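Two complexes are shown next, each including chain A; its partner changes from chain B in the first to chain C in the second.
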Partner chain A sequence: MIELTIDNMTVQAHEGETVLQAALKHGIEIPHFCYHPCLSIAGNCRVCLVKVDGRPKLMPSCNLEATPGMRIETVSEEVLAARAAVMQFIILNHPGDCGICDKAGECRVQDYHVRYGEIDPVSIEPKHRKPKLYDLSPRISLDNERCILCSRCVRFTREVSGSHMLGIVERGCHSRVARLEGKVFDDPYSDNIISICPTGALLSRDFLYKSRVWYLEPVRSVCTGCARCCSVNVWRRRKRWHVRSLGAEKNAAAYRITPGENPEINGHWICNKGFDLHKAMGRPRALAPLIAGRSASVEEALQEGMKMLSEAVNPAALISAHASNEELEAFRIALGSRMRVYTREDHSPQPGEVLEDDLLIRADKNPNSRGVRELFGDRPYDATAGHDLVLVWGDLDDYAPLGKARILHLTSFVPPQGQSADLLIPISTVFERSGTFTNFEGKANRFDQVFDKPKLVQHAGELFGGLAA
Partner chain B sequence: MNKDYWNKPAMGLWERLYIFEVIRGLCITGSVFFGNMWKWLTLRKGALTAYYPEEVRSDYSPNNRGRHVLTQRENGEVQCVSCNMCATVCPAYCIEILSTANFDDVFHPKAPERFEIDYSRCIFCGFCVEACPEDAIRMIKDIPDFPAFDRDTMCAPLDLLLNWRPTRDPAKVYPTQPQNGEVHPWAA
Partner chain C sequence: MSCLKEKFDRLTTNGPEGMSALVDKFSELRGGYPEEMASSLVLPLLQLTQEAKGHLTESDAVFIADYLGVPAMQVVEALSWYTMLYREPVGRHVIKVCRNISCSLTGGGRLMGYLERRLGVRQGGTTADGRFTLLAVECLASCGTAPAMQVNDTYHERLTEARIDQILKELP
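After this line comes the complex of A and B, so read on.
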């Protein structure tokens, strides 16, 4: 350990740690644009300048290794003046259209301008014009005027995702971020550059102008896209900003998904499938119980389910790998001994989807396969076992492989077209309940309830007791 | 309980005689009554009562913070860029804006698709006008006409806010080209 002094406070740093990292670790705020804990150090934004005792000039703290006995000043007049000057320079060609920029409210340029600068550039030259609303990819819109050339996105594609798709072209004030010519920017992790962009240069086309960010609040949830179980933040509307005349469905909509920082599982990143989690959850829902295709009340459906279970001679259950550990345990206690339990993969990889890579994406596209395996083992459905009732839990595209058995289907989304189960009970999605998934490494990841469940929809964990009684 | 008030009426002899003062009062009210009656008989408007909602009061101040209007650009498009500053500053939370993206117009990529002001909640404080960076929302002398039996029907939609057609005070001229004379590469 190294001891150094930052603003008259003695802090400890590891060997090789930079001054900026040591300061951030101890709650001393030094502004920074280009520094990101998961990327290499570029040292090009110069807003993290600090005064080092004994050196004639200010030094960028992100690129300054901590040495024993170092004395750093981060709030002296000299440093503040340099910071204000750097901010003035950075926003020299910044269009300042915060009013229509989706980043406003969580933008580093905006925050630091208000906090450290608020000096308008003195240039008499007109601001440089660069391409706006440039579609970097079908998912991302690039506004080169807002870009401050911190190169975070470029370093991300080179160091983290490895696609090497982005670069900075041209010189001086004509510099701009561009993708490889003639190539489609189809990096499976591309949306992360929206999250790490310190300004509004890179924006999600899906979220574009959907809402101002201060109307929204993040709720910690877990991505159900694959067995990695990445932590995500689901952004819902704050209660204070619930709309009335624009339609109540906007209050119960997930506006966007951002990575939830979780060093144990996914670090700072998630894949594009995770960024699209709200679209996967926005599929048409099953909203009312159906008895042989006819809608029924919840009580009727539960009565019917109890009757079906008590009449069945050889019942079986197909367990969902999208169920939380708590629900699986509830099932095991209530029905586990009465039914033959089979496991399955709810979702298999879609054509064109990245199957598996070294970073995050796993070939198993279900979140809780490991949790299911730990409780019930690994046993695919056996159609020859002569079951007369199958409790299907989770999404299922086709009932035909289940044979002639009666079907009790618990699902969140609308069942297959043209087929109707003998009893269908709608259950809540991952956004509407809380619980844990166990990822493929055996690490449990907790998700919180984001929205209230629709009225006729049941939590699966609360159903089994009623069905077993 | 006897209490002395600072503006305790000091009655003279005339008032204390009572009956003559009462007759004088009756003369005042009577003359107003018969004056109005005469106007009414001769088919003119009598008393100054405005029969809301059929009639609108004529004596609003020109500075009255009445209903909101949205100004327009020279080409007739709505001036509002849907930045939500008005909705954010509104202490009554009565403004709701749904934005739309227009990728073809580089200068105005964002515009309101729906703009709702809930007059059952509006307190007419004028903060929205002050917060607007584009001079897009103003409050004019007219009052919002929302006599209704149901609070949910008191929302002013975008087309109602845009129906302001002033003769004397047109919406400000908005630069559709950058003022420094340089043509945006995407506008060319």
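After this line comes the complex of A and C, so read on.
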């Protein structure tokens, strides 16, 4: 441990830690654009300048190793003046179009300008024009005028995702972030650059102009896209900004997904499938109970379910790898000993999807296979076992492989086309309930409830007691 | 705004015709470099290619990147950095007029205007007959003898309008 003084406060730093890291750890804010804890140090933005006692010039704190006895000033007049000058330079060619920029409200350039600068640049030259709304990829729009050339996005593709697909071309104030013209920027982790861009240069085309960010709030959830179980933030509209004229759908929509920082599981990143989680949850829903394809009330459905279970001679259950640990436990207690339990992967890899890589993506495209396995093993369905009833839990494309058994299907989404289960009870999605999944490494990750469940939809965990009665 | 995008998408993507003929030359050069220093060959190979083809496109950069096993974006960055690498077809003679401080102080701007009028092109342009391309460049390191310009590989210093007339007349 090294001891140094920052603004008259004694702080500790590890060997090799920088002054910026030590300051941030102790709640001392030093502004920074290009520094990111998971990327190499570029030291190009200069907004992190601090005064080091005994050195004539201000130093960039992101690139300054803490040494014992060092005395740092981050708020002296000299530092503040330099910071304001750096900000003035950074916005020299910045279009200042916050009014039409999705990043406004969570933009470092905006925040620092207000906090540390608010001096307009003095230049007799008109501002440089660069491409706006440039299609960096089918998922990302790039506004080169807003880019401050911090190179975070470029370093991300070189150091994290490894696609090397971005670069900075041209020189000086003509520099701009670019991809190859002849190639699609299809990095499976591309959307992380939207999250780490300190300004409104990189924007999600899916989220583009959908909402101002201050109307939204994040809720901690877990991606169900694969067995990594990355933490994500699901952005919903704040209660006090629910307004009737928007309509029910927009008031209760998941506007966007961003990575949820989780050092145990996914660090700062998620893959693009995670960024699309709200789309996966937006698939056509099963919203009302169906008895042999005809809609029924919840009471009728529960009655029918109880009857089916009590009549069954040789019942089986096909457990969902999208069920939470709490739901699995509820099932085990209520019905586990009354039926033969089989497990399965609800979702298998789709054509074109990355199967597995060294960063996050896992070949098992379900969140809780490990949790299921720990409770129920991994026996696949045995069609020759002569079951007369199968309780199917989760998504299933085709009932045919289940043979002649009657089917009681608990599902969040519409069931196979042209087939109807003997009984279908709609259940809540990951956005509508809370719980935990156990990822492939055995680490539990908790998700909170983002939205109320639709009226006729049930929480699976609360059904089993009733069905068993 | 679409015009802006096109302006910035200058790197056209023609097929890498003629590149395979260059590979022999590439290999010859490569022999002189340690294996782990492949990226040091980026500039020499871009230059070789430009000598052979006149100007460079993104697909040339991609070809070189694949040949060297370095990321293509790295080669494109280098290609876009250097004014001596041309990303558009240039004329038979390339005139580069210095626009940096010493030359500006000694009339470089005026001389650029003179050349524009004489050749009938704006800076950055190529004459209709394909004879001249007129470019503005940064310091040519001839500050002591400013104003300066470079025509193809030859330096011309202490320029005046009369001197420029003479230089142009002597060009084939």
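What we mean here is this: the second predicted complex is superposed on the first by the 468 of 469 C-alpha atoms of A that agree within 3 Å, B and C clash if a C-alpha of one lies under 4 Å from a C-alpha of the other, contacts with A are read in each partner's own complex, and residues count from 1 in each chain.
Following the convention adopted for this analysis, a residue touches a chain if its C-beta (ideal position, glycine included) is under 8 Å from a C-beta of that chain, and two chains touch if they have at least 3 such contacts.
On a predicted model such as this, the values are computed, not experimentally measured, just so you know.
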Partner chain in contact with A:Arg129 - chain B first, chain C second, else both or neither: both
First (chain B), second (chain C), both or neither touched by A:Lys57: neither
Chain B versus chain C as contact partner of A:Lys404, first or second or both or neither: neither
First, second, both or neither for A:Arg294, with chain B first and chain C second: neither
Contacts of A:Lys239 with chain B and chain C, given as first, second, both or neither: neither
Contacts of A:Leu208 with chain B and chain C, given as first, second, both or neither: first
Which superposed partner A:Lys455 touches (first chain B, second chain C, both, neither): neither
Touched partner set for A:Ala178, first chain B, second chain C, both or neither: second
Footprint overlap on chain A, where chain B in one structure and chain C in the other make contact: 129-133
Of chain C, residues touching chain A in the complex: 1, 4-5, 8-9, 11, 13, 58-59, 62, 71-74, 76-77, 80-81
Residues on chain A engaged by chain B in the complex (per definition of touch): 99-100, 126-127, 129-133, 208-210, 212, 214-215, 240-241, 243-246
Chain C-facing residues of chain A, complex: 129-134, 144, 158, 164-171, 176, 178-183
Interfacial residue positions of chain B with respect to chain A in the complex: 81-85, 88, 93, 96, 98-101, 103, 106, 109-110, 114, 116, 118, 133-134, 155, 178, 180-182, 184-186
